[in-house]
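These are the structures, in structure tokens.
Two complexes, one shared chain (chain A), two partners (chain B, chain C).
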Partner chain A sequence: MKSSKRLVTNQLTGVLTKKTGGFGSPVPFLLPALLVVFVVLIFPILFAFFVSLFNWPLSGGGGDRTFVGIGNYVELAQDPGFWNSLWLQLGFIFVAIPIELILGLAAALLLNREFRGGRLIRSLILLPVFFLPVVSGMTWRFMLQPRYGALNNLLIAMGAPEITWLANPQTAYAAIIAQDIWRMWPFVFMLMYAGLAGIPEEMLEAAEIDGASYFAKLFKITIPMLYPTILTALLLRIIDALRIFSEVYVMTEGGPGMSTTLFSLYTHRIAFGHMKMGLSSAMAIFLLILSIVFALTLVRKNMSLDELENRGGNR
Partner chain B sequence: MIMTVATKRKIITVAIAVFALLVLLIELYPIAITLLNGFRRDIVILSGQSFTPSQLTGRSYEMVFANRMFMRALGNSVIVGLLSTVLSITVGAMAAYGISRFKFGGRNLLAYSFLVFRMLPQMSLVVALYMMFRAVGIRDTIFGIVLAHSSFNIPYVIWLLIPFFVSVDKGYEEAAMIDGATRWKTFVMVFLPLAMPGIVVAAVFSFINSWNEFLYALLLTGVRVQTAPIAVSSMIGGEVLTWGQMSSASTIMLVPVFIFTLAMQKYLIRGVSTGGVKG
Partner chain C sequence: MKKALVFFLLIAVAFSAFAGGGQEQAAPAPAATQQSQAPAKEINVLLWDDPYPRALMAMLPEFEAATNIKVNIEMLQPPQVLTKTAVSVTATSTDYDVVGIDEGNVPVFASLLEPFNAWPQGRVYPKTDLSSITEKMLNIGNWDGQVLGVPINGNLYVWMSRKDLIENADYNRQFRAQYGYDLKVPETLDELYEMGSFFHSNGIANGFGPFNGGPAGVLSEAVYFWNSYGTDFINVVDGTYKVVLDVDRAVEAMEMYKKLMTISPPGAETMAHVERQAAFAADPKGVFSMFIWPAQIAAYENPDTSMVSGNIAYSAPPAGPRGQGAVTGAWAISIPSASQNKDAAAEFIYWWSSQEVADRLVAQNTIPARTAALTNPALVATKPQLPALADSMAVAISRPRFAEIGQVQDVVKLRWIEGITGARSTREATELIIRETNEILQKAGY
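Moving on, here comes the complex of A and B:
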């Protein structure tokens, strides 16, 4: 019935298109989304840029506001706190993300075979990804408490010295990185595992018949074929790392001192700690541009509407 | 000693299994801690005693359920999640339909803009939203936080729905329009029922997005419409160290997320990477 219906409509579509001049306008369908997006995304961005041109205290009358042009951006460039947060953010990206990629890829390669309980193990490994970031932050904060923290006790039992992890700048920074690795490498694993499923079996079989070793297959076929997935995972993780806030906020609030003020935390601190909305907005715009650069790279290189539609259509 | 290929294989399999279990143990340890601590009393946790089954008690849960502030925050989270989902699904489904069923100039640009919008850091928007919401008096209202949550949910829903929508056979809509139905009526009466599985998946994930959200809730809500993630985080601080209650409250928040995400695992890749990955 379905196919005969399609046959009839296919014959009639031409007629219909001619008679009505197409299927109507997309505008009524797009308008509501565009309206909301304007209010909650486009306008706030424009407003943030506007505010970034002023010396704009959080409270107090409008009289306190003065136009400073690019003054806030200049101040940001000279602010040691900004550079500190930049280094912390870069360190975070260069330490946490490579480890997450390697762990995720290794686990995907190891678990990419059928064995009893395989599905269960893959599901369980993914659980940390769904752990609420704020709950993850709280749990890590608990685990690292001196005297009664679970992880702290475990480390002491293994011979580590008693450390107040989150009160010490270096160990606090290490802790927020460890938290991120723990929670997010399974996310990379999930992407890599799906990517491996897309590699044609025949290619690997052909290589095996030709006598290729495991590592030859890995480096000559699997990893090159997986390259788009790896790039996607890398860019998604970088974009995500630029947004990190809640888990670090509940673990350390950016402290002790300024030792864990990643970009978002420092922006928050300038706005609601130092009450400088203008300077904070300049930082927000900087963060926005940085994120857009990575997002555009990701979208242009690895995400395609046509691909999505073809895949959807062929299902 | 010469190993046969079969024994070598067996050793590798066992080694992988042991490794997988070890990794699993590390990954599940913090989750287990949270679940267990929810059934221990604050005083027991603070004393640093190691765990014994005799410590298990429902006392922390009782206290959390009797905690008016947390229960109200939980209620707020449910309301905000539902309203933001309804709003995002309504306008998101319409937009995804517009993008997947019409060819028009700027179509790609529009679709990719939504994708980029989804990846913007919340911190870049929240300072401006805070000032805007305060100026028009919608800070700390359900309406305000629902609107803020739609800023990430609408782009998310649109990109999650496009592949579902494309896979729906156009023939049914064309037949309906030949029978004289308007485009709008066709969308609601013919198309949406066919696309329902996709709508359900998008609705569940957008509810979870809203349920987990922290930064907007921190700055755009106050005492009146505070949501549960903020309430959980405020259970620890200064002299207040109610780790048991914090863990009970966390578990209450985690259970629905774990159930839904595990049930919908196969759609998850599509949700997180929002878009077709070029092969």
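Moving on, here comes the complex of A and C:
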């Protein structure tokens, strides 16, 4: 296994060396791409970090900057609004994403078979993913309106009392989570369904012949084989959920009070409500670090190449 | 190492492809034909999106024909206008030659705007005579002793009440028996509460439509009620900003608002423009009485979209026990100092703020900041809201204005909502508003 890997690597890199009659150093060939990566990816991050070290009120037209070092980070640490938005954001992630994973996996398992209308159902399930976040947020806002919203009309018809979903801090928070679950669980379903298609039928058939029950096959074969897919879905959803903005903005604008002011909404408010670009950049850098921590935790510990190779070998 | 290099190469190639694809998509259409027909000058204008600038758009061709100046107008929702102005206008460069500035943000951008007295004379239209603008509205474009923008719309609190409810003989008989006077347009907050309670408790309609949407809206409501109960919020004292809110009076004001919340529609805690319009104009049991920004009157009077079109009584806002005020929420039109087209920009503003255009805009249910347009007998005959607007302008009050107002708005929004919904006592909420606003002012060096 390792020797074949080395052979492929040599084939890929060897053509670029003089030893094999190639074109010399690869650096000149990589330079244009590296330049693009620097301009598109690295520079904005460096610039945001640079800005985060300044007190930069946008109200002065961007000219009046004062170097404050880590002052903005200290200010953030002392700002209750920052911590409030962070806890709300983490709560959002830890509630919404597990539910999306469970729903996505369950639906994928259920629909991973051929039956009449199966293709149509699988296609229809994906519809919410194609909704623009703004449209989704607006739709939910109107749907949850207490007087003429569809949900309340249904509940009232069943004898329930009128509920002001978006006017109560707890139900408003639950509503933005529900909106995200509704819109994004089909995305998880899509990944899981693709993952299930990659599991060899023979393995499941062999287990069946050996007398394994449905749940034994599910927990001993299917889910372990789906592990990389689940982790990929988890990582993509966490990164996406950390950046959620527009749907919450149009649904609640962060209210009532600060009860749905998630991290990105608070960052926006600091930037364009308080006009503090340095402070909001510090928040952006914090979010970046948070994303990296999540990504490293998932990728390094659970998706290392060695582990994937082992899984492939075991397969 | 080699593995990492290959991985990095693949990522780089993906990014290159992505960037290349983006460039391809973003490639501008051939402009040669446009350029050959291009007028002598071209200006970019950033405005808020409501019926007022939209009505202006229809008149643009005549301005362009008269001046040979092409006007590219971009209209955004008010929060986005603020965002875009903040990133597009600097001391040395600007994407826009004319910008609409919400009155609360004039101090925020003051250092970037060309003072009115430095604006060039118009080539086709005469320079705006500032004395033709209603005096109390003129303050909107002023900052630090300078006029930085021409107040263009007369947007301030105007009260709306449902005429069909007031004029219903049965309702009036019942109300009179209970309260001892006839149903009418409420002139005081107590009357508003009594009439609103009558309609609410009898299941006829909700009594009041609060405005609790965004931070700026909540501050407007708070300032209106504080003023009605005889206290200012923030004043300039000894050359600096100080919180001058009288706790007892502010608590009294918040208590009244809290009472009004009990006769408001479900979800009143977060009612913004969309919900208010739906309640008042599309629900027979929606709302009896509430304020409106005049810029939105056109939507409420549109018979295609409103059930109460032609059935609204307009007035100045109800008075409190110690005062009457109509909070302004108007826009000033300004020229960034960095604009390279100041002469064309000024020409456009002179045309827009002229009496002739103002009269024509009034005819389309929009409201200029000119009393003359509001008292024109020919217009008053068909626009019942105009006298109410003139009455409101006579008692106009402004929200506090300074660069840190965004932070103060957040504090007021949070604590005011807590107070009026009972999450905190009104006294505790008021004291927190004072304490936290003081902290912001001190931190800002006032």
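Note that the second predicted complex is superposed on the first by the 243 of 315 C-alpha atoms of A that agree within 3 Å, B and C clash if a C-alpha of one lies under 4 Å from a C-alpha of the other, contacts with A are read in each partner's own complex, and residues count from 1 in each chain.
Throughout what follows, a residue touches a chain if its C-beta (ideal position, glycine included) is under 8 Å from a C-beta of that chain, and two chains touch if they have at least 3 such contacts.
Just so it is clear, the structure is predicted and the values come from calculations on it, not from any experiment.
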item: Dominant contact partner of chain A by residue count, chain C or chain B; value: B
item: First (chain B), second (chain C), both or neither touched by A:G273; value: second
item: Touching partner for A:S59 - first (chain B), second (chain C), both, neither; value: second
item: Partner chain(s) touched by A:L30 [first = chain B, second = chain C, both, neither]; value: both
item: Partner chain(s) touched by A:R147 [first = chain B, second = chain C, both, neither]; value: both
item: Which superposed partner A:L166 touches (first chain B, second chain C, both, neither); value: second
item: Partner chain in contact with A:V40 - chain B first, chain C second, else both or neither; value: both
item: Which superposed partner A:Y73 touches (first chain B, second chain C, both, neither); value: neither
item: Contacts of A:L287 with chain B and chain C, given as first, second, both or neither; value: first
item: On chain A, the residue positions that both chain B and chain C contact, one per complex; value: 9, 12-13, 26, 30, 32-34, 36-37, 40-41, 147-148, 272, 305
item: Touching residues on chain B, where the partner in the complex is chain A; value: 13, 16-17, 19-20, 23-24, 26-28, 30-31, 33-34, 37, 45-48, 50, 87, 90-92, 94-95, 97-102, 104, 108, 110-112, 114-117, 119-125, 127-132, 147-148, 150-151, 154-155, 158, 162-167, 169, 171-172, 174-175, 177-178, 182-184, 187, 212, 214-215, 218-219, 229, 232-233, 236, 243, 246-247, 250, 253-254, 257-258, 261-262, 265, 268-269, 272-279
item: Footprint of chain C on chain A - complex, ascending; value: 9, 12-13, 26, 30, 32-34, 36-37, 40-41, 57-63, 81, 145-148, 162, 164-168, 172, 252-253, 255-258, 269, 272-275, 305
item: Chain A residues within the chain B interface of the complex; value: 2, 5-6, 8-10, 12-13, 16, 23-30, 32-37, 39-41, 43-45, 47-48, 51, 107, 110-111, 115, 121, 123-128, 130-143, 147-148, 150, 153, 182, 186-187, 190-191, 194-195, 198, 228-229, 232, 236, 239, 242-243, 245-246, 249-250, 263-264, 267-268, 271-272, 277, 280-281, 284-285, 287-288, 291-292, 294-296, 298-299, 301-313, 315
item: List of chain C residues in touch with chain A within their complex; value: 2-3, 5-6, 9, 11-13, 15-16, 19, 79, 82-83, 86-87, 89-92, 107-109, 111-112, 212-215, 265-270, 272, 275, 278-279, 282-283, 286, 403-404, 406-407, 409-410, 413-414, 417-418, 421, 423
